[in-house]
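What follows is a group of structures, each given as structure tokens.
Heads up, the next two complexes both have subunit A, just with different partners, subunit B and then subunit C.
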Partner chain A sequence: MPRLLARSALVLAAVAVLVFLATALLPTDAARARTGGRAGAADLAALRAELGLDRPLWTRIAGWATGLVRGDLGTSLVSGRPVADLLGARLPATLALMAAAALVAVPLLLVGAWAAGRRPRTAAPVLVAVAAVPQVVVAAGLVAVFAGALRWFPAVSFVPVSGSVWDRPSSLVLPAVALAVPAAAFGAGLLGGAVADALALPHVRAARVRGLPEPLILVRHVLPRLVPASLRVTTLVAAGMLASSALVETVFGYAGLGELLVGAVSTGDSPVVQAIAVLSGAVVVVCLAVADVAARSR
Partner chain B sequence: MRLVFLAVLAVACAGGLLAPHDPAAVVGPAWAPPGAAVPLGTDALGRDVLSRVLAGGLALTLVAALATACACAVGLGWGLVAGWTGRAGTVVADVLLAVPFLVLALLFAVTLPGWAAVVVGTICGGAPLTMRVVRDLTGQARTTGYVEAALGIGESTVAVLGREVLPSIARYAVADAALRFVVALQLASALALLGFGPQPPAPDWGLMLRENLPGAALNPAGLLAPAVALAVLSLAVAIAGHGAVASPRPPRPAAGDSARAPDPGLTVTGLSVVDSAGRSLLSDFSLRVAPGEVVALVGPSGAGKTTAVRAALDALDDGAVRVAGTVRWQGEPVRPGRAARRWRRARVGFLDQDPAGTLDPRHTVARTLGADGMAVLAELGVDPSVYGPRLPHTLSGGQARRVALARALAGAPAVLVLDEPTSGLDPDAVDRVVRAIAADPDRVTVLISHDRAAVARIADRVLTIGADAAPRTAARTRSRSVHDEVLVVDGLRVRRAATVVLDGVDFRVAAGEMVAVVGESGAGKSTLLRALVGLVRPEAGEIRLGGRALPPAVRDRDRADLRAVQFLAQDPAAALNPAHTVRTALARPLRRLPRHAARAQVPGLLARVGLPPDIADRRPRGLSGGQRQRVALARALAADPAVLLADEPTAALDHATAADVLDLLDDLRDTGLAVVVATHDPAVAVRADRIVRIAAGALTDDRSEPTCVP
Partner chain C sequence: MNRHHTVSRGVAMFAALALAAGCVSGADPAGSGAPSDTLRYVAVGAAASATNDPHGGILNQSDLVRFALTYDVLAKPGADGETELRLAESITPDAALTHWTVRLRTDATFTDGQPVAAADVLFSLRRLHTKSAENFGRMQMFDLDAAKVVDQHTVELVTTKPYAEVPRALESVTFVVPDATTDFTKPVVGSGPFRMTGGTPEAAVLERNDRWWGSAPALRRVEIRAVADPQARAQAVLSGQADVAASVNPATAKQVDGNAEFAVVHREAITLYPFVMRLDQPPFDDNRVRAAVKLAADREALVDKVFLGYGRTGNDLITPADPSSPDLPARTRDLDRARQLLADAGHADGLTLTLHTTTSYPGMDTAALLFAEQLGEIGIDVEVKTAPPDTYWTEVWGKEAFYVGFFGGIPFLDVARVSLLSGGPTNETGWQRPDWDAGFDAALATADPAERTRMLGALQTTLRDEGGYLVWGAGDGLDLTRTGVDGLPTGPGFESSFIERTRLTA
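On to the complex of A and B.
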């Protein structure tokens, strides 16, 4: 247990360093982003000094990381507002979208995993096929058919400035489905593999030869083995949906964290990008650690 | 299927050549619906959608292919090293996998151009997954007989990884590459849609989605066409990759017929079984067993004994299907499917050929057996108070067999089907098993065994499947002069976890001598042989070969040492690399010869172990267990060893073949080969010049004549 915690902390710290290095390798971008590329060389140099970009890399990492530990995510290069405020304003919308997507994804995932485990020859290839359809295709296809041709749902899921997305639940349907279907197919493929592996274990086959009824085999020999796998798959699916929200929210014009991330990438607003990437990494590390603890305590 | 895949790939890459218009030229009004001149309509600027779709796949496919190649190369190398050394760098993998790959790619898109972000994102998000797959497969391959055999002839680590491990995992690597390509395509199209990919006016499927989203209501085809193109390319790759590892569909089973006959006991008529490729495994097998009768099935390895009983129980392994025949119990037909399952549960006790695997690894012996079974276990000579709380992996092979047998016997089943119940048991345990089988006077018992002595004691009737076994050749009387000692062991001590398995073992073998190591199952016979070959590291003691000390670990021994000591492992199933033909497997130890000369030796080696030359082109899945064991023996002989260590070399062989193999060992001993054989089979032990017994970690000379010779 202490080892697991230490390991998770180490992984999280390494994730933070990786994230910082990936975005901060070209220091000019940050200063240019702030000025929109119109400033002269002298202004840029002054701005770099003000932002601390002329300091050596390791001192910048250290400064950023100590801020992170204190809960200070830094300041947006574009708007000058604290990153934490930007994230806090967008978080409820993304959580609402994730919750709606989970309502669709979880039943699909369970049914798919069971079908793939029981019938690897027929159901598993279907899952592989569905999971292979790029998310952009699912999102664009839903827009073209249900918003473009049929006009059942709005093509743009606009969140009113005052009030919440729950005031117009229909605007959540298409983004939620676009998020859920690929994630559920991916997760069902993973979990279906675990189901098929468990069903093919020699002692499970032997139980079948001994003539035990299928439900008894499941309860006694199969399901106890699937708990850790289910927890891990849930984590991966949740993380996948969080990442895909960048795509889906942009397609539907939905003002959540993902759309914020995409906007920040295009303006080179690295503090915002770093904060969102570290946040999603932290969610994964913490959830996987919880899954590990649950797997060991069994 | 393959043609479809290639056609899709060709259109995606070279479709631009078929485009009716210049993809960048304005040919009409914006978002015009499909018409004669523009079959898929126009886009936001009035350009031809069809032409742009045809031209829009090349860059995307190339970027995805580049990303896939990089991710697979990194993951494959990483996985091979991690699986081989057991040190994985899993923290690095966890770090890379902690951030979802799309976020990673967006992160890199801050500073890198779009295509580079796709490549880096695919490597960071995909290589760890490839690494895990390859690492696990490599780890499994590491302990197989074929890898140990390659190490045993002094192959370098790189050669073992390249020649043995890589071919055996190749099809999984191909399937994995398809998954990486699909992910790379997802990334490339996502970044393009978000505006970080190719910039206008380049034709690109992802970028087209971005440009045509606002016109979804005016010209849906502008959105659907690139979406469908992306989906088709992605699906073609995914399905082709899935096909690389999927197994073929089995033929349909036949329904049992419903005719009646008033026979007591078990009646099996005209059973035929085919495998998934449609080859016949068993044809027209019939069997009648009256209550109280014990029928033994005998026959050479691969004749279909196990298939016959499993078909009768409707419990065939994956792929094999019963295509004809009926089974009746007390005159009533037992139809395949649910009826057969209920019958098995209510009436049948079954012992699998590999009983250890049938025990749930997480259930203790006591939980597996219940109270009835524990009582039976005591009768079989395994102390319930000692072994009840244990988990299956702490049991020896013989103990696990008796636990599974106790489970089969518990609850007094009316039908008992036992596949090799006495294999690997010491004589006392065999006695107990024989008594337990004979205990119920009304039971129907079907027995498969290679153990002639046991069959003679239990069976009322013997049914031979396949060609009849050749009469046994008498053990030859041998007179030989005393040669020099080739293998000298002093004070060997081996510890496994907390138990000292061997303690202070002294042991000598002379050239041309055959020493049989006997002892109860679990006494440490296999451990002794594995320590001699260097696969188990002893805690103390010295092993000398021809007067020189041998390093204790296999990887410290030089090539001549390795070749001089050859090992024949217990499990023929994992002894041969599934990816190699018999010819390749046998020619490899001969590689000091030119390639054609090495291959020319293969028929001779096969003949020495009694196999026909045409077997050289088969792969292991086309061989029976006995044939595999003989090929493994031929491979050991190809290294031209001074000492052959054999762990139960005849356990998987029928009687006639076993006698041939033992004759062969006798001939080889005349040329100076020393043989150490761990065995329970008295027919093996009787041929030995000396018998040594392992008990309580120590080795003693066994001066008594072997008893119960068949």
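On to the complex of A and C.
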């Protein structure tokens, strides 16, 4: 357990530093963004100094890390608003979207895995193909069919200006499905192998030969063996959906963390990028750790 | 969030997903009875740059519109191009045009009940000046240390040189906040026609301020939402989730043409993608080459392809929408003359150039590709290089010899200050003309408006004939609305931020 904790902390620290370096390598920075590119060199240098962008990179990382330890996420270099406010305003929307996407993805994942385990030759290529479709393409297709032709769901998923996303839950459907389908297909492909292995076990084969009904075999013999693998795969699927949410949120105009991240990257707003990256990283690391512990305790 | 809420929200989500097909969204119920008095306005902007500071770099149109509704400005550009006074009752100079008396209305109050006083105005102007780098040196013509409060409702401003266009200098983002405000992380109280009552800077709820000095707006409530993607903004109106989408693509305007449910508001001739030639780099250090390139442009074809016809051809005048822009015969395509000029400049055997462009604004890349073909006809072989928007404005713009630039409805005095005068911060064409600078100062020291306009026009004519801007056309700003939205602003630049007179008739 202590080793697991140490490893998780180390991974998270590495994520933080890497993201900081990547943000520093962006062609633009917050000073350029704030001046709209139309300021002279002297003005730009003065603004960089004011924002602390002229300090060496390691001092900036250290400053950011000490702030984080004190629970201070800093302020946006572009808008001057506290990062905690920005995140707080958008976290509920992203959580809602992830929950909705999970609700769609998990059943799809299990059905897909079962199919892949039963009929690897036919099901697996289909899963690989579906998983390879970018979320943005899925989103465009869904919008064309369900918003354009059928008019069942809105083409843009605005969170109401006063109120929450739950005031208009139908707006969650298309972005959730767009996130879930490729991720679930990817996960099902991974889990399909484990299903096939379980089905190939002697006592499972014996049960099938004895003519036991399939659902009973599934519940009694297959599912218990799949728990550790499916926990890991589900974590991967969730992480994949979290990573894709930036694009899907932007396409649907959905006011979540991902859309904020896209904007913050384009303006070189490192405190905002850092906070979202580390938060997402922490979620993934915690899920992986939980999956690890659960798998070992069996 | 307490547990009860969590549970009920979980149930709500289940219901939503289970009953997905039945849960039809679509137009919000606005159809029955009296027209709504809430305007849902989707503006250009990104959440990441949405700010509460009205004096710094305002990157989002959504913020500009919100500030224009919640704060008073000293003056604004009028729909007719003349200065429209707002918080200022009069702006009058001394004989030398260096000392200006700004008299304020006496009936303006902040929404917290405090009267708007001269000290608030001077504080706001000074704060604007400290953020000079972020607002293109808005207050650069003033010596604000020498400015003073004369009485409760009078400010005296001092300019560094005679400056006859002080009203124009003040018809900009002179948003007035209370004196000595230091915390701009949260919305700061204003005195404008609306007040912010909820939401966030990127999705704001504004309600009418019934104590505003001006005639009461018809709207009771305005919701302003920042959306970065033009397609998503258009979809919001097309799907009934918004009444207005600012700045949509020409293709969207074409798409709704003839559809009775929607309308397109044209803000005429404000989007410029000039071809920029740097005067300090060969071959453009020779005006014959610049003139040849200007004569080679098929301007009608460019306007048709790039703006899909929503715009007008340009005459190489950098601010065609500005009242001081001179009225000159149109420059038309003349390939023979262009070839002759190239030969005179020593390029009789042709010329090879690279034209840089990007995809930041719709059609910038099309413009470059089409013009490359057109230049081929006078023996100039052009390679088009497209850079991603992320790197274009930092690594190409203002650096390369030949590229596609951008201007969006900026007045001539601002373009001159930022991009043309020798001391300007981003002189992107390398236009260094002491006589032109002197002519600019002389025009601004001229009290007679007609004579001043003539002098400013002459400066623009020189720039047109000798400068590095090929302004082949000006595209319309296109705002998509549902039918029944009247009175949206149609002027260029800052004027288009004032949406307070909008009314809903259906």
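Going forward, the second predicted complex is superposed on the first by the 265 of 298 C-alpha atoms of A that agree within 3 Å, B and C clash if a C-alpha of one lies under 4 Å from a C-alpha of the other, contacts with A are read in each partner's own complex, and residues count from 1 in each chain.
The rule is short, and it goes like this: a residue touches a chain if its C-beta (ideal position, glycine included) is under 8 Å from a C-beta of that chain, and two chains touch if they have at least 3 such contacts.
All values derive from a computational prediction rather than experimental measurement.
Trainee: Could you look at A:Gly211 and tell me whether it touches subunit B, subunit C, both or neither (first, second, both, neither)?
Mentor: A:Gly211: touches subunit B, not subunit C.
Trainee: Between subunit B and subunit C, whom does A:Gly67 touch in the aligned arrangement: first, second, both, or neither?
Mentor: neither
Trainee: Which partner chains sit in contact with A:Thr23 here, subunit B, subunit C, both or neither? Use first/second/both/neither.
Mentor: First partner only.
Trainee: With the two complexes superposed on chain A, say which partner A:Pro228 touches: subunit B (first), subunit C (second), both, or neither.
Mentor: Neither partner.
Trainee: Quick one: classify A:Ala147 as touching subunit B (first), subunit C (second), both or neither.
Mentor: A:Ala147: touches subunit B and subunit C.
Trainee: For A:Val285 in the superposed arrangement: first (subunit B), second (subunit C), both or neither?
Mentor: Only subunit B is touched by A:Val285; subunit C is not.
Trainee: Touching A:Pro125, do we find subunit B (first), subunit C (second), both, or neither?
Mentor: first
Trainee: So, A:Ser266: does it touch subunit B (first), subunit C (second), both, or neither?
Mentor: In the superposed model, A:Ser266 contacts both subunit B and subunit C.
Trainee: Looking at A:Pro169 after the superposition, I want to know if it touches subunit B, subunit C, both of them or none. Which is it: first, second, both, neither?
Mentor: Second partner only, subunit C.
Trainee: By the touch definition above, which subunit A residues appear in both interfaces, subunit B in one complex and subunit C in the other?
Mentor: Shared contact residues on subunit A (touching subunit B in one complex, subunit C in the other): 26, 147, 151, 155, 250-251, 261-262, 266.
Trainee: Would you mind writing out the residues of subunit A in touch with subunit B in their complex?
Mentor: 7, 10-12, 14-15, 18-19, 22-23, 25-26, 29, 121, 124-125, 128-129, 131-137, 140-141, 143-145, 147-149, 151, 155, 200, 202-203, 205-206, 208-213, 221, 224-225, 239-240, 242-244, 246-247, 250-251, 261-262, 265-266, 268, 270, 273-274, 276-277, 280-281, 284-285, 288
Trainee: For subunit C, which residues are in contact with subunit A within the complex?
Mentor: Touch list, subunit C to subunit A: 1, 9, 12-17, 20-21, 23-26, 46-53, 56-57, 59, 132-134, 136, 184-185, 198-205, 223, 225, 227-229, 232-233, 235-236, 238-239, 241-242, 390-391, 393-395, 397-398, 418-419, 424-426.
Trainee: Give the list of subunit A residues in touch with subunit C in this complex.
Mentor: Touch residues, subunit A against subunit C: 26-28, 32-40, 43-44, 46-47, 75-76, 78-82, 85-86, 89-90, 92, 96, 99-100, 103-104, 147, 151-156, 158-159, 161-162, 166, 168-173, 176, 250-253, 255, 259-264, 266-267, 269, 272.
Trainee: Could you pull out which subunit B residues touch subunit A in their complex?
Mentor: My answer: residues 91, 94-104, 106-111, 182, 185-186, 189-190, 193-196, 206, 209, 213, 216-217, 220, 223-224, 226-228, 230-231, 234-235, 237-239, 242, 246-247, 249, 310, 313, 315, 317-318, 340-346, 348, 350, 352, 354, 357-362.
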